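To start, the structure under review is shown below, and the notes come after it.
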């Protein structure tokens, strides 16, 4: 009865938190939100004169800047944030398992639920846009990477602030959407700066962004953000006052 | 006076039967509604306030039918909820005043009453403090104050001592007794603690898993002696005094129960009338030190444990 | 209680209330007033006053500055006081921010701090409770819709730029009042409908804002990127309500693209949204446990 | 010279522990040790009970002092966390899990070898074996309380820390759980229980720790604590057929200090409890006065508690 193997601990944490995260209200709300891009993708695909440019603009603004971060925010910030808020964190914290396993488990649970709820509607929407396979592949790839990074960031956010959804929304709409569009250093510190770069580079649609990293650098940065987020979460768990 | 009459009352939530053909009458004074959490206490209160229609059966509160005359009834009765959450930013006096107004007291009158009532519950000095800065005990008093501020005929208090420590609990119970005795407001409190109900109630209603276990006047249901208990202390000069007392009583023809090594002797019910004198003489003759001589009385716990579950 | 010739001890204890109890009307009034105080942060800490007061201040400031320029500097020709009074109603984004702030404060707070249960234990019922809340929220919104517009209308009248003749003036006034009332009610219903799901105030505000963003952005994308046509703009509830108000006042459309939509379509859109939001509120509250 | 034996490791060892939150002192310079057996922790609301429990489990660190469980610090030492069972104060559980799943997760995260069997056993101990497949979110407060208890017991911990474990239980369950605590205590486990209900505490056991205003006010057997309260005269109620005669005799012999008569009840206070106990029966016999009841009014736990908290 000493420490539990890390993989086992991650799996257990993932399973518990996943069950807690999937509530009827959240699921219905997100699916309704997910129908929106599908509908829009379909309409744009049928009615637009330049589906490629309209489509990529739609994917990067509607999808990568709004749908992906919001869905990730709702689940990831709740994964450990809710347990800290209501006091159930103690049932994971006071166990002979490492903090890193708990953070990874929480992140994995958020990804498990956020991934299908974002990538599926985004992919369907990209198919309905009817703008070629590069858009579809680009959409899938960037959505996945963005979900990983946002989930990691918002798991951490849930452990730091009391109202993570409020702070997260402010961050998404103010920093990621507005500030990052006007200031180059800000874009370098925003997930959307990298995720949008991947899809525009892949499809060769030029939006004249200020910040223009290559595909490889962007993907690497998103992965680094993911890892850093998890590492900080686990450090935060170590220093936390557990209710 | 019959405050509440309940007739074959049942409440069904899906598969779950919260109340199961319950029948009882509540008379004046303080009535304790006893049962574990989930026994149907809160459900009963919400029916009595007209906030839920019973599935079957009828109920009358102050002669009114709650479902039909809910609004009218609720201007005559008040309610103190179980959950210990209140508007944290509001000063206590504003909170009490506002609810008094909503219950039909004119504005100016509500203002003076709010202040008076907060003095009565012992929060006079604190009345301008936001409720969020108050201790659990003070918050329970605020809940009491809002319930009596509109001068109701009857108040329902759901677990009014929940979360209180023993000292604060005693103070709140004393207040509730006072509300009934001095202010003439009838009270129904729900509680899962038998001890506190025994302490302050005139009448009780015991529920268990939605079924009525017992209802009636407390002193008629309890108090009957179930035997005598004698607790002694060993004295150095008479090391065998406890055994001596035990033997003397047995020789007088009494059944004496004693756990091994225990300093407590029990004489079950049905003992002869001269018992007190027998005990007195046995203790005196043995030179024992008497710590306690007390009748064991039937209490609520006995009533509940008697019922086969 | 005890009295002798020149001394007495009075009982200061509990007093019975022998007067007449006021009815449900008074309960509604008290609750509405109480809610309104809470909305504007009166009797609470200063930080609760900032947002509502700032929005209130800004909406009035715009009109007051315009009037001040005209009255103190006499610049009638500078293009001031030439607009319809309806144009002075605060812009949609301000209104939705205000609604997202006010509606959750009015009802979500009650769920969280137990006031809802307490209200239900008083003579208030679910419908009268909602009436009190509507009175308060719609009334607060009316302050920033009707207030500035009325000031502007009065300014115009005093300068002789208003409607000619008493009959025409009262018609303009009546239309303005009716439009503001209906639009305020609409915003109130919209705010309440999207904030009654949850018992967390921050989430409720976000849901209200997202409901706006989630209808606004798609309506424009669909309008601009596709060939569906102008009627698609009616899926944007707030602009639809504003356009409906403009039609009632015989004023110019605030957002140009809406001017091409027929009045009957605008009316249809307005009432469809109003009925939908009211149905949401009714549905949620019908199923809500009182205790 | 033989080497000095190392000091014994106590199961719980709190030494000079204080905890402050900003200006608020939650726990102030508390020291005590506990070993196998059942101990009740008492104190008014806000006295620092929960903070003390959280420190013991490492959920929060003491500002000053040390808190050791089985000789280790639960915040830093991973394995020792597997030897603690905590039933926390908060009511929240993973609501969407069934009782079985909830306890099984606890077993697995503790690395219990045959988790299924241990889970079953723990749920049986708390009388929940019939509802194992229902989600805990649908449970009543008493059932949730027992699920928490099962989760705390499932890894067969050395240390059990139970914050208000009896609240919400009905009398039958309460008695069953108290029995369970006693059996765990006699199995050599260190069981520390907080409760507000003094009648419950008196049944839980006579070992108490009392904290008030963040400080340790008393520890030990509460019946012994009463005798330490020497400045507090004992109040005793006597039911007799001749209260005036008996009272006068007791006063005359200087056995009692104060007296108050109501019908057939004689209320007395005495500073000489030993003499009183020895002489009450002989005096009554001598005067031929009946002694129907002799009931000490203030040696119950409540009086001890009141004295310790308020000093009266």
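Letters A, B, C and D name the chains as they come in the text, with residue numbers starting at 1 for each one.
Note that a contact is a pair of C-beta atoms (placed from the backbone, for glycine too) under 8 Å apart; a residue touches a chain by one contact, two chains touch by 3 or more.
This structure is a prediction, so every number in the text was calculated from the model and none was measured.
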Common touching chains of chain C and chain A: none
Most remote chain, CA-based centroid, reference being chain D: C
Averaged-CA centre spacing for the pair chain D and chain C, given as whole angstrom: 56
Chain centre separation (chain A, chain B; CA means) in Å: 54
Gap in Å, rounded to a whole number, between the CA centres of chain D and chain B: 23
Intercentroid distance (Cα basis), chain D paired with chain A, Å: 48
Residue numbers of chain A (touch at least two other chains): none
Chain B: positions in contact with at least two other chains: none
Overlap residues in chain C, where contacts from two or more other chains coincide: none
Graph class of chain-chain contacts, one of line, ring, star, complete, other: ring
Which pairs of chains touch, using the document's own definition: A-C, A-D, B-C, B-D
Partner chain A, residues of chain C touching it in the complex: 197, 202-203, 205-206, 209-210, 213-214, 217-218, 221-222, 225-228
Residues of chain A that touch chain D when the two form their complex: 1-4, 8-9, 12-13, 15-16, 19-20, 22-23, 86-88, 90-98, 241-243
Footprint of chain B on chain D - complex, ascending: 43-47, 140-143, 168-173, 196-199, 274, 277-278, 280-282, 284-285, 290-296, 302, 305-306, 309-310
In the complex with chain B, residue positions of chain C that touch it: 13-17, 19, 21-24, 26-27, 30-31, 34, 43-45, 48, 109, 112-115, 117-125, 128, 290-291
Of chain B, residues touching chain D in the complex: 35-39, 135-137, 163-169, 192-195, 208, 233, 235, 276-277, 279-281, 283-284, 287-295, 301, 304-305, 309
